[in-house]
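Chain lettering (A, B and C) follows the sequence in which the chains are written, and residue indices restart at 1 in each chain.
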């Protein structure tokens, strides 16, 4: 009896060790990752839906957006949805939360920014909330490993924006994010699906590099204040056909208006055949041309 | 659970987790082949991901810089040296045309960013061939041996390896499922990173990571991360990722010649 | 909209890039970056905050009526790194500010580009090293 109990105990200890090994990450993503991505596009124009597979509903909604909306007291601190991780300008701090008996990783946390909540990627197999559960600004995210890639699935996000010029996202949007580490470089590949506003999945990327200087895991607190917005008590907007900025990309860069307004067709190489007849390259750049030599 | 059941389950768990080196050691100890004489598997055989097939670019970022040829002097977002800026400001497509440099913006650092389709096949067990219909360019990714020196070309010479992140005790690291293909390209002719004359020099070193990822509804994406180190023209490395979607066949394949303006 | 101006410059100004500057909202969507307006007046309040600090300057128009201008600046952390503290600019300081005007008609609002305080020569801005 005593021997049987000792054997049971020993096997249980071995089990705990083995399960702990299985639960540990294939790749360590922890650290401070600074943005190292040469894409343009952080400073978006007021009407620029190029490269987004939006539908007509999204387009109408986007064209009604006035940038002054974000200066409303109620909206200044609302922040952006989790896909802002791949759109926004900041670096990210990533750390694991571990269970201290077996060393299993319970979650990976991506630290917050001033306008994005932290993302906690649950690795412990817990299910997503029910369809009718409340949505949070940061959504709800679970994750798993595929080889050395962390794959995160986010649901239950609030309605927000796909871009910081009012291109809308609905509260039915979901996102799959892959964290691909190659050496000291991290590529984030996000696929956003939105049955309300997108006609196909929207794919985004952003690159980071591991840095020794620690980034803050939390964003600074947001303080609502008067931001000079005119007309307190109203929501700035444009009525249909009244957005005054819709022609800017065409005027400044020659981008045909149809392309400015986005859509699935505009994402693929075939669309260039249509563009060739419509596009007249400006003689030289006169607007938003680039910074000084470094 | 009885001790007998627990023992059985533990043995199964050990069988799953035992490192390859331990198994190898046991094999050698029991009359297996001598070390170094086992047949080496080719890069094709150990490939952790399938990059072959037809892929179409999906342009969701930097749209007007990729789908259109921007105006001269438009390099918004890029950190250029003074020399690079001077070259970009004096871009002359007619002069490039006259000099026979129509493919100057189709070189290895730029080609993956151009809208179009690519076709990837195994040319042999140690070489992947990538053909782009934009500019009808061909790139060869060779595993193993260092590249022989030769004249510089738009596509340069590319050395490939599957990314590994360490293996079990004593085992040679093997690529994990879904690992990236790392390609380093040298010996390139200086070209244009963007079609409007933003330059890269012949001293540039190009490192790329090709990663395959599943998409919702059974699709597949190919993410190509480009890291271009060219201190003469870029004080900081140029880093972008381009996304492709897999196609079942060659539909839409449209070989087009190089163009200095479109 | 009337105001006392030193100069109004309409130019195809090139953008001074910086990742930090593009946080929270797109400046290009909120302001006319190709235009510049310069105002001079007295600081009413310096709201040192996140996501963006705001400097409120009272500017007298041609009729002598004071109009409050809101000038959007960097977040408090960003400004701290640039040696702009909560008390660097105080109510009562007389300042000259150049910035991009708001896209929203009727708003007395700028995005900060340069500021200087003639009384002691203090300056901050895109063009200043």
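Methods note: a residue touches a chain if its C-beta (ideal position, glycine included) is under 8 Å from a C-beta of that chain, and two chains touch if they have at least 3 such contacts.
What you see is a predicted model; the values in this text were computed from it and never measured.
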Chain with minimal offset from the mean of all protein Cα atoms: A
Greatest separation from subunit C - chain, by CA centre: B
Gap in Å, rounded to a whole number, between the CA centres of subunit B and subunit A: 24
Between subunit C and subunit B, distance of the C-alpha-averaged centres to the nearest whole Å: 45
Approximate Å spacing (C-alpha centroids) for the pair subunit A, subunit C: 30
Multi-partner residues of subunit A (each touching 2 or more other chains): 42, 286, 288-291
Per-residue multi-chain contacts in subunit B, two or more chains: 76-77, 79
For subunit C, residues contacting two or more additional chains: 15, 17
Complex interface listing, subunit A residues touching subunit B: 4, 7-8, 11-12, 14-15, 18-19, 21-22, 26-27, 36-42, 50-52, 146-149, 176, 178, 180-182, 185, 187, 189, 191, 193, 201-207, 249, 253-255, 259, 266-272, 275-276, 279, 281-286, 288-291, 293-294
Residue ranges of subunit B touching subunit A (in the complex, touch as defined): 3, 6-7, 9-10, 13-14, 17, 48, 56-65, 67-82, 84-85, 115-117, 134, 163, 165, 176-180, 182, 209, 211, 213, 215-216, 221, 223, 225, 227, 235-243, 252, 254, 261-262
Touch list for subunit C against partner subunit A, complex: 12, 14-17, 19-30, 33-34, 47, 49-52, 54, 56, 69-70, 72, 75-77, 102-109
Residues of subunit A defined as touching subunit C within the complex: 35, 42-46, 66-68, 70, 76-77, 88-90, 113-115, 163-166, 219-223, 225-231, 236, 245, 286-292
